[in-house]
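Before we start, here is the structure in question, set down as structure tokens.
Chain lettering (A, B, C, D and E) follows the sequence in which the chains are written, and residue indices restart at 1 in each chain.
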Amino acid sequence: MTVASALEMALAAVVLGVATWTIAARETFAAVVGFVTYGLLLALIWVRLDAVDVALVEAAIGGGLGGVLLLGAAARLRVTETPTATERPSATVRVGAALLSAAVAAALATGVILLPDPAPTLAPAAAANATATGLGNPVTNVLMAFRAMDTMLEKVVLLLALVGVWSLAPDRLWGGHPGPRHRADPLGTLAFLARLLPPVGIVVGIYVFWTGKDHPGGAFQGGTILAAMWLLVMMAGIADAPQVSSRRLRIVLIAGPGIFLAVGLAGFAIGSAFLAYPVAYAKPLILGIEVAMTLTIAATLGLLLAGAPERSAGQ
Amino acid sequence: MIEFMTTVLGFILAMLALGLVRILRGPADADRMMAAQLIGTGGIAALLLLGTVTAVPATVDVALTLALLATFASIAFVKKGRANAPDSTGDA
Amino acid sequence: MSAAIVFGLCGAAVAGLGLYGLIADPRPLRKIVAFNLLGSGVFMVFGVVARRGAASGFGGDPVPQALVITGVVVAFSATALAVALLLRLFQVTGSATLNTEAPAGTGTDPADA
Amino acid sequence: MPYPASVPGDVTTTGGFLLVLSVVIPVAGVLLAFVLGGRQAERVVLATMPLGLVIALAILVTLRQAGAPLIYLLGGWAPPLGVALRADGLSAVMMAITAVVIGAVGVFARVDFRTPRGSIEARAPFAFWILLLAIWGALNMVFLGGDLFTLYVALELLTFSAVPLVCLDGRAETLQAALRYLLFALLGAVLYLVGTALLYGSYGTLDIVLLSRRVHAEPATVVAAALMTAGLLAKTALFPLHLWLPPAHAGAPAAASAVLSGLVVKGSFFIVIRLWFDVFADLPSFVLAQLLAALGAAAILFGSVVALRQERLKLLVAYSTLAQIGYLFLMFPLAFDAGSTRLASGGALAGGLLQAISHAAAKAAMFMSAGLIYAALGHDRIVGLGGVGRALPVSVFAFALGGVALVGVPPSGAYLAKELLLQAASATEQWWWAVVIQAGGIFTSSYVLLVLAHALAPADASITLRAPVGRIQEASAAALALCSLLLGLAPWQAYLPAPDGIAPSTPALEALSASLWPLLGGAAVAILLGRKGDRLPRIPLGQVVAATVGPARRAALALSRPIERIDNMLRQWPAAGLSLLALAVLLGAALLAASR
Amino acid sequence: MSVAVDIITIVAITAGAFFFLAGTVGLLRFPDTLTRLHALTKADNLGLGLVVLGLVPQAGSLRGGLKLLCVWALALLAGAMVSQLIAREASGQRGDPAMRHDGPPP
């Protein structure tokens, strides 16, 4: 056994341990803390699997925004913990669930082990067609060119999730500000952090987005970092969440998929195909779409975390 | 050099695993958050080492993202309880 | 054992844990967390598939990697929507349960009055 | 005309751009409606509807002229690297019925989801119109998507647009129903997703046509097939995975229920068809097909009996959806071709799909009329429906038409579907499924008749309507029901693999009289099992009936009680979760055993 | 030259690992929350700092090295802030004047 494979096993063991804790912990809050560390460690696995783009996503979502979302909810729902826990299913059910889950996991593991060797791959095809876009990051090529439809629809999914979250608002607060009003504590640590970190974070976010054309990174990763910075400013009470009725906000929220769609339709009109880019303009077009998508993602993720409108305008 | 770094990486991973015990035990939420923070810092160190070991320079960007965002969980933790104060449910 | 197999087994096991939590834990928030675990186990399987497909100088097949990124975005949106629903349910009823036998609507919703 | 046989190659065909438009137009509408908001959102959505209908019709026409599936390569990238949109006859007819139902629902919902005077924008209308359009786009993507992962994204899009519709009114029960729906649907989606990972790992593509050529029975493929099928069944709410359906479909606003029950569950059902008739066609599917149909039969029994025992009309209609979903799965064993040991696209497939289409229109109409009755009376207790027939004749008429169309009275689509399925049953010598099909018809007529008996009975006291009923609303419900009733006359042979000349061949009078039997049987079942108020004796002959059927009814009720209890148990979360995993394991074991 | 650089790397990373060990032991063994916090803030920042110091010579490019330092600086800043927030939370006295030294981190 080489040092490297020992390391992989250790990593897998630690990750599995945290995952078990996340499921087994009695208190939800503790479980969620476990989940945050799990997300952190997962980034290591993704690097080990040579998928740095995914590692970036995992670090930004699993270790960052996802943690904020779940920890906040766990804190809010703490009072419901004991009454709901009493609805725990009987031991028979739990044993049954354990057995069946284990069976499914075993079947899945068997499937993975028995995957054919040599593995089929589209890497050569992706490499051969990379010239069509002029971008060096193969994952960006897949997301923005070869499977652009998925990416466009995924942005619509994000938007619909936001519509879903907003639709939970009480009627009379429609159009108001999402989430609770965070009071600013001008001398507080948080306010200090919220002034210091965002400039750095915005630079990092833009860098991660920009480097994504040729190296790991991209619109989603960059957008997530920007969203986190915005959220920090909101949580510190420095800036309030915008009203959901704001027209400007809504334009930002649809800019990504909107421009994607427009460019796609332009490809139609020029005569090649929907979502096809003319080779000469492929790179600037893709980057243009990605700029809009980064902004849209940042705004959408920030608002998804802020929640449904809870205060009418000016409150 | 690679073997050395891999070994240190394994060692830091072991430390992280030990840190998990504090998440298990608590007792206070603050202890758990602290352990999570240690694991965050350790994770960044591990990532940097791993990036060097596997010669994937972009790993530093992952570490950068983690360093930037690892604070967020803690901030959510500190903000807890304020959000469910009666004055913030929108009725006031 | 190769990295692909180690992490493949790890992914399958994590998915199994997620399935168990999703079924056996009565608390909705724990179900949501379990769903996230389940999802990440599945993504790990995708990662293994990608890694096995390393060719043409790429460390992994970029197609499944891109699929994972899309999948993570979708899973995160789902989490956000589920959490928002759960918080609203809590706001309206004062409880957070999926059990239909439990009395619902006992809480007062200050906002909808 | 399903596609594996006749895919010419990796090229965009003439008229392929229509496929893009049918997805892009609703998506663009969603974006535009979101930005404009308020009344403009409604206008954008309503303007999109005729456009979508025209495109759906254009696809039907082009397809007929081309005689081969329409294909569009997105971005010009051919699979496996790229993603293709493909429309065969199945997709085209599903898209057409979707456009029709969405259009009718849009007209219907204008009254309920009008932005109130004096406000620029209101929450429920804003969300409703956007989500309605999103459902449409997602469904079109489901019907056209040629790639399993694109289908996953489309399915999630469908779920995300359907869930918030359930709880638009913000009541606690509907919030809970929405959360259960979301979580269970997510569980199903993840199982589907893991299957795609294994398939990609095995064959290096997720394109349906390429997969259908490459797939063979290997362990990883079998695991993928089992997990994907189980996951999709959870999203389709096939018994026993139906925990989320009754509260979600019964609790949603009427317009939303119509879409959810009529269309949304058909999305995942359609992917099941794609999987087993195309992708996994080479896997041994005999046991699987029998199992699916067995679950379908159980769904018919449970759904119908529990529907008959409901106190509320909307819940009855929701449970009837459960039974009808079961009916859809009866086609699988009938499509099994013993010679090639695979599911063959033939009369059975045509019948199944036709049933799905008829149900879409009929069930939407029934939910719309049920919603009108609820809004007018302020309640929808079935035993309290007396006098509604006189007060709301058109609504009750629409409900009756929809019901009659579902029962399978000629020339309804359901009648044709039933004929096709029965033919397939006799051709494949599986008489037991013919019995189930007939029983399904009897049960359907039983709950339709039960509702009508109550609605047409004289009122206990003169009923006062709480709100006037919109004429346009009643008209759109009735039009949709009529559409379902006339579906059997459409030229299906051009699109579905139906034997030629099936529709007109049966003499009309004979067919009508044959369809009376299920109605009579249904009446008997309704009398035995249905909820009745204290009013029954006042129906002509009621006294006599009551005296003679008393003991039989007691026996029937004794039989129905355990069914209700089991249904109640299965709708608990842990039981449903266990059933899902057990089903996945069972499917996997059956496939594995058969592929040895 | 390269040997000397490698020695620096080995020494620094080993020292970094030692501080992680110290931090973890402190986290596990110290009796109460605030002392644990005290142990933690020192150890993890120093540990990460030394690891970064060891890796900088191996980075190969100026840009790579700078990025490494940026990671450390960010972690340092975030760590200091978070420790303060957690400490306040743990002591349960949000308004305690003794805890209000909310200036920039040292």
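Criterion: a contact is a pair of C-beta atoms (placed from the backbone, for glycine too) under 8 Å apart; a residue touches a chain by one contact, two chains touch by 3 or more.
Here the structure is a predicted model, which is why all the values come from computation and not from measurement.
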Given chain D and chain E, the chains that contact each of them = A
Measuring between mean CA coordinates, which chain is farthest from chain A?
-> D
Go through A-C and C-D and name the pair with more C-beta contacts between its chains.
-> A-C
Comparing each chain's Cα average against the average over all protein Cα atoms, the nearest is chain C
With centres defined as the mean of C-alpha atoms, identify the chain lying farthest from chain B.
-> D
CA centroids of chain B and chain C: separation to the nearest Å works out as 20
Distance-wise, how many Å sit between the C-alpha centres of chain B and chain E, to the nearest whole number?
-> 12
Cα-centroid distance, chain A relative to chain E, in whole angstrom | 27
In whole angstrom, how far does the Cα centroid of chain B sit from the Cα centroid of chain D?
-> 47
When you check chain D against every other chain, which residues touch at least two of them?
-> 81, 149, 153, 156, 160, 163-164, 167, 170, 175, 194, 198, 201, 204, 574, 577-578, 581
If you look at chain A, which of its residues touch at least two other chains?
-> 4, 48, 50, 65, 74, 76, 89, 93, 97, 100-101, 104, 108, 112, 115, 119-122, 126, 146-147, 150, 154, 157, 160-161, 164, 168, 170-171, 173, 190, 193, 197, 200, 310
Junction residues of chain E, two or more chains touched | 74, 78, 81, 85, 88
So, in the complex, the side of chain A touching chain D is made of residues 89, 93, 96-97, 100-101, 103-104, 107-108, 110-112, 114-116, 119-122, 125-126, 129, 145-150, 152-154, 156-157, 159-161, 163-164, 166-171, 174-175, 245, 247, 250-251, 253-254, 257-258, 261, 264-265, 267-268, 272-277
Interface with chain B, chain A side, in the complex: residues 3-4, 6-7, 10-11, 13-14, 17-18, 21, 25, 29-30, 33-34, 36-37, 40-41, 43-44, 47-48, 50, 52, 55-56, 59-60, 63-65, 67-68, 71-72, 74-76, 170, 173, 176, 179-182, 190, 193, 197, 200-201, 204, 207-208, 211, 215-217, 221, 225, 228, 231-232, 235, 309-312, 315
For chain E, which residues count as touching chain A in their complex?
-> 74, 77-78, 81, 84-85, 88, 100, 102-104
Residue numbers on chain A that touch chain E, as the complex places them = 187-190, 192-193, 196-197, 200
Residue positions on chain C within touch of chain A in the complex are 1-21, 23-30, 32-34, 36-37, 40, 43-45, 47-63, 65-70, 72-74, 76-81, 83-88, 90, 94-97, 99, 102, 109, 111-112
